[in-house]
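What follows is a set of structures to go through.
In what comes next, chain A is part of two complexes: it sits with chain B in the first one and with chain C in the second one.
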Partner chain A sequence: MLALRGQRILSKPKLLALRKYAQVALPEENEYTDTPVYPDIQDASLQARKLRERESVYANIRNLNTVEEKQIGLNMPRYYGWPCVQFKEDHIMYNAMPLVQYYTRTYFKTTDKLPEHYNQFSEIASSIVNEIKSLIEDCIVIENEGLKRNPLTDESKEGLQQKEDSLSKNIVRQINRIIINNIADKVPHILSSQVDYDPKHEAFWFMGGTDVPAKVVNWRKQFAWLKDRLHEPIDRPIQYTGSPILTIRNHLPLKPFIPYNEAENPEFKVEKFTYVPESVGYGVTFRHGTNIPGFWPGDLDEFGLLSYHKRGHILKRNEHFGTLDNLEALHCQAMKASFGWLLAQANYQGFTTYNDITYPLTTQTVITNGHLISFYAYQLNTITMNRDKIENNPKHNICFGTKPFLLYEKLENGKVMGLNEDVLKMLVQFYLNAPEEREHELKPYLGKEEQVIADIEDDNKRCWLESRYKHLMSNTPRHNLLPEVYHWEKIYKIQHKTRFFEAKRRPFELGINPFKRRLDDHLPSYIPKVLRPYPRSKKKFETTYYPKV
Partner chain B sequence: MKLSRVLYAQHIGFMFKKHWVIQGKRVPIDSGVEQYLKEKGINVEDALEFVKEKPELRERLDIVGPYERPLPLDQNHPNYKEKPCYTLSNTSVLLEGICQAQVLTKTVIAEDKLPPRIEELAALSAPKAIHDGVKKAILSANVFDCQQKKLPKKKDLERPAYNFPRILGISDRRRNEVLTNRLLQLVEKSSDTDVTCNKYILNDVDCTTLFDKEEELIQFQDISNILVTSNKPLKHEIDNEDIPFIGIPDLYPIKHTISLPAQHFYDESSKYPIRSNISVKYPHTTWLHYNPTEVNNLYEEPVTPIQVLGRSLTHAFTIASAFAKQLYGEETKDLPEPVYVNCIQTDGQRFHFGIFELNTLNVEGTEGPKNVWYCKNDLKLYDSSRYLSGIPVLENYNPQIYGYINAFYNC
Partner chain C sequence: MSTRWYPIYQRGNPQLRIFLPNFWMKLVRPFPQQQPNIVHFQCSMEMTKSDIRNYLEKIYNIPIIDVRSRIITGKFKKDIGKGYVTKEDDIKYAFVTLPKNMKFEFPNIFEKKKGDLEDNVKSLEETKKTFKQYLERNKDRSDIPSWFSI
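And then the complex of A and B:
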């Protein structure tokens, strides 16, 4: 769109004149080999050329040194951000399970107990449960009845949700405190772990293998050369956003529940769900893709152990959805939350949605309202689902999940009746699952010296990248509004050509898609003359350090 | 230039205005039909009169909204009282700071003096792993947390109209929440299980105390950002003999209720957040956050350090007196046993430690038994922690603070 300024344009005769003076390079002596070596014959079809183009982008992102540059790299093609499918943690549509499973490539397994991996902690967990049982009972009573908090009197659905979420937040903090204080001197990983309250979790990935939306097909219909390619697959950008009540993270990753090669087991295959996400109810907004696991790159505790989530949103769902769908909604929430958090963590290890992880990551998720509690163990095996990989990627993610258990039967006369010790034991087992050092390299796609931008030596580049990265991640709206086709234009200019005599100036009249603008397609910031270096500097604009992808 | 040139020029607004005036005064053209019909003897009625219906009387509906509307704040409000109550909330400060707080709470101050047991415990050195944890907590709170909220506007005094780009970052509220909760978690993790079992931790609980002073009603409404409670009352052993107390000052010509707005809507009883049947109800340590963006003077002057110190004292008094009133009844004056409360106030960098000894709820005058405030103020946890040209830095970490926090928890 913006013409490149300052580029010298040479006329054709001048080019010819220049060519006259070109010299033939002297042939090197070892240019000849005994057997002829031919370059690979490349498929010259359009599809193959496009694929090679895309793959070079994937390779360019992989070759970037730092985490932040990779994240900017993911956003480079779109100035106004990607039209992202909004995957919110606490907003689950009716019958969304097939979609969520396909979009997170997760095989879901319902179980009554935790995976076998946890059996080793069974005994020690039982003894701990015996010690903390009475404390947990006390804290449930205190949080439910013993405090004079400002009552929320709002009896609407939103009010009930708020009430339940705030109660679950308080109870979860107490339970976490009791368990951690008890086991801090029994297992070493607890002391070095960090506990976050209300962190921000965001994750971004591309999903191929869905139907092409009608809008795209209609757009393609106007071009003759796209006649045979109307239904060529596209990538749908997906953005997950969520906020757990509490998370625990450590500098070492958890052990996988099943061996990595099991991930390719065809048993774990997930059913395809090719309908457009809008048909289920998931909407689209323009935003930059963000991957945030609750902290900025540079924090050393970058592997999650456990996250607690609230379930007040179940109260807000339509009653007609039924109990089965509510149960599935919890499973969906767990899959979204676990996948989203792990994907963001994987991004901090240098992997992106284009470059698959080379080792599995695991996390443990608890969804609770202080009374009902369900447990999920999630193993992330693959994160590439774009259109080039979706068909031939044999790996799947695995989620083990339980139904919601009652933590206790009921509250009566200021006493907890029937505390479910088995449930408490499961929770303690989650805490006892210790992270371990891995034998392989954790960050194969990051630089040796430069892994985050704080490691970059060039002061200007470091500062520029830092501010650009934070600004991109904040997703604050741009100063100028997004380009749009006004309704009157649509009626009088596009649908009915009533204003043919007017000068054609708007992008749609010139055949330009204003959204197809790269992130670096703007004038860099101007250096006022007084601030330019002494004595004389022709440099009018600041240098930009956008990654080359 | 001739004025007529301007007047001749077409002005669309002027044209439109004139046009509207003319069109607004349209006179119906007399077609002569009425006259003609009258001649024929036919009665003519005004069509509008014919069409007009009598207005139907409707009952006023009580519309049920999505939530119950709050009652209007007038004299029919159940909380309305004739007598005004001078209110200090957790987002306002006293004009005279700690001096005014002393007068209001009848307190003498032992500056820079904490009980010997606390000093002993604070001198114990913590293992390196703990200090690493504290450093992590500081960096988390100032650098690595992902909150991106609009921070207060930056202003340059030299050119006040200049607009700087808005900075997004961690708000002071979030910074304090992260830091204090992490510090407390670290203290608990390194303490014995027996100690932590007997304690309970509450976040963001409100506490209100209401008292008379010189025939005026005063209330303190405070929020304890972290309230540590225990299952037995906190005790301190302090030898009061050689301590040079700062006596209660005379505020003349200022009155002690200055800068406290009078309110007519209030509850007539004090409120302690934990019910009396709970075993872990005894207040132990209360953490107070000082969020510069939320705490203001009544007339928007910047808050001074003295006023910040005053907050600690009034806050500790609120907790201690609300608890004492729950324990001994609203009307008690001199307490049979003193109630102690530890108080830690922080803005994320400076820490003010204090111990409040509540001896009496009778705050009239300056004679008789008084309350005591032992404090150690203005200890810095670090010099700076931020992104310094793209690199996270933590400068001059002070390990002494952790010692005090640990001592306060374990005393």
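And then the complex of A and C:
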């Protein structure tokens, strides 16, 4: 009776809303198939569910249309930034080679000459060297002896580094000018290339397959349910920062040195390095992950050809490290710098640390102080090293490197003695290596219409994304800093619960972990009443356009 | 340098004099796992990086590449019974890098031998047996202490 009465009271729309489990009869009569089709059975274990969650994030980032949105997407989980391992170009610790090789997944090959690929430019290079020889000699003499500078430096290690870096910067700019002026009418790609002075190079990626830091293990120890999962692998965010003296870039990519399928050759396998990076001396700071190859997305010349780097940091190193480790430090610098620059370029093509590149990218790196000069040729084959991919990723990157050569013997009576023409030839060969049009698609993961946010037609969305992206990439500190835990609170409230009777108001008492705050976890900017659309609008806050990741 | 006291004065020569510095270094097991050429020490608070380097190079002839040191805050503990919070002393740690071709393995000090467990079980059985004998012997004088016997 009661139920009947109830039914009569409810109106028709409400009834419709209540019938959640009701199904409309299928219009098709053929609802049965000959063989039963079942949905896939999914693994219901915790690890499998977490993996599916992560994979959906990877897919969401891949499906985003523009470069900038992908970059914001990488940073979405952290409001105060990722705890990034600081991979600086000019800060190389003792015995860092195994770590750098593993973290950049690079097979390093020492050679005395450039890879075979460069032999085709040998003849032209020789003739060019003959033409520019005297000019290079002049520039070396003038920069070393002809100019009087007042460097504001002392004789300390830092002072020596600054002095050498400033000298090498001047020499490199001159040498680049001389070579470019000479070959601009001989090879077509130089005229269409751009030269950047002191660009900013930054790259961000996730590294799996390393030991879990002690801090994380200790944190997990306090929870009973994490007892068996103390050493469950985590991703370490890595941030490379560097600043070359000069780079040259073009709208076409360089040819690969070795075929792409060679990248899976087990010969190029890199030894595992699982020790925590802190044990080698690489520290951690909180910052947003940034990928910047020296220009902003939308620039047409987006493939690097050549970059010059300083080597003054070698002077600053501890003298106990020895010459052999100093040589390795140069190799490390080259691997870091080449990988970092190429990774940032790959990010501008729509790939991220979660979605691997589909074709190889190459670059040429020169490390010099104006007297010593070493050459590196780098081929990027893979960029996914996160914990889900590291174990079964067969691809490796390859770096060919030489030892430092002397560009000239010495300076005497205002003259260069013994200019090494072979070395100069190698440098010219780097310039002659022409980029080439690729036959495959370069940006498979970017949208067809929208590839950068400048392509977005909606004014509000475009402007909002632009300012958000630039602000994120600038890594300026947040206006509201992290909530601080005072030392007395740590002792008397967290470690020992001696003040349990007090009202719980602080974030750590309310179970809030500020480091886990998401990027979009904030109030959007307020629209003042006078600026709201006429006649009446209840919309108090502006729309945000964070990518859904 | 030394804060140790001289021995009490005794008449006559030669006098006993102690010139030991307060420097000490204690080898500790690293956590988390380190590269094989990195060794962790606890050392006295007064030692600087140069002191640590000299200590190992001059006394033990160990080639040192790099020394990093840091002071780690002592643990805060609650006093059992009284309930107030106390703090243990801070510790200075030295992270010493050896040349990359050198390896250091932390010694297994309390090595368990093959027959250790059986020996322990045997001695436990023995003790149980003697205790039973003692109870058996004193079953009709339960209120008398054990030392009160012939």
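Operating definition for what follows: the second predicted complex is superposed on the first by the 517 of 549 C-alpha atoms of A that agree within 3 Å, B and C clash if a C-alpha of one lies under 4 Å from a C-alpha of the other, contacts with A are read in each partner's own complex, and residues count from 1 in each chain.
By definition in this document, a contact is a pair of C-beta atoms (placed from the backbone, for glycine too) under 8 Å apart; a residue touches a chain by one contact, two chains touch by 3 or more.
From a predicted model like this one, the values you see are computed outputs, not experimental measurements.
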{"item": "Touching partner for A:His320 - first (chain B), second (chain C), both, neither", "value": "second"}
{"item": "Chain B versus chain C as contact partner of A:Ile527, first or second or both or neither", "value": "neither"}
{"item": "Contacts of A:Asn95 with chain B and chain C, given as first, second, both or neither", "value": "second"}
{"item": "Chain B versus chain C as contact partner of A:Leu372, first or second or both or neither", "value": "neither"}
{"item": "Partner chain(s) touched by A:Ala214 [first = chain B, second = chain C, both, neither]", "value": "second"}
{"item": "Which of chain B and chain C A:Tyr492 touches, first, second, both or neither", "value": "second"}
{"item": "Partner chain(s) touched by A:Val284 [first = chain B, second = chain C, both, neither]", "value": "neither"}
{"item": "When both partners are placed on the shared chain, which of chain B and chain C touches more of chain A", "value": "B"}
{"item": "On chain A, positions contacted by chain B and by chain C", "value": "none"}
{"item": "Contact set on chain A toward chain B in their complex", "value": "131, 135, 138-139, 142, 145-150, 153-156, 158-159, 170, 173-174, 177, 180-182, 184-185, 190-192, 194-197, 199-200, 292, 294-296, 298-301, 414, 453-454, 456, 459, 462-463, 465-466, 470-471, 473-474, 476"}
{"item": "Residue ranges of chain A in contact with chain C within the complex", "value": "94-95, 211-214, 217, 274-276, 279-281, 318, 320-321, 325, 491-492, 495-496, 498"}
{"item": "Residues of chain C that touch chain A when the two form their complex", "value": "31-35, 37-38, 64-66, 68, 76, 78, 85, 97, 100"}
{"item": "Chain B to chain A touching residues, read off their complex", "value": "66-68, 129, 133, 136-137, 139-140, 143-148, 168, 177-178, 181-182, 185, 188-191, 193, 196-197, 200-203, 205-206, 271-275, 277-280, 387, 389-392"}
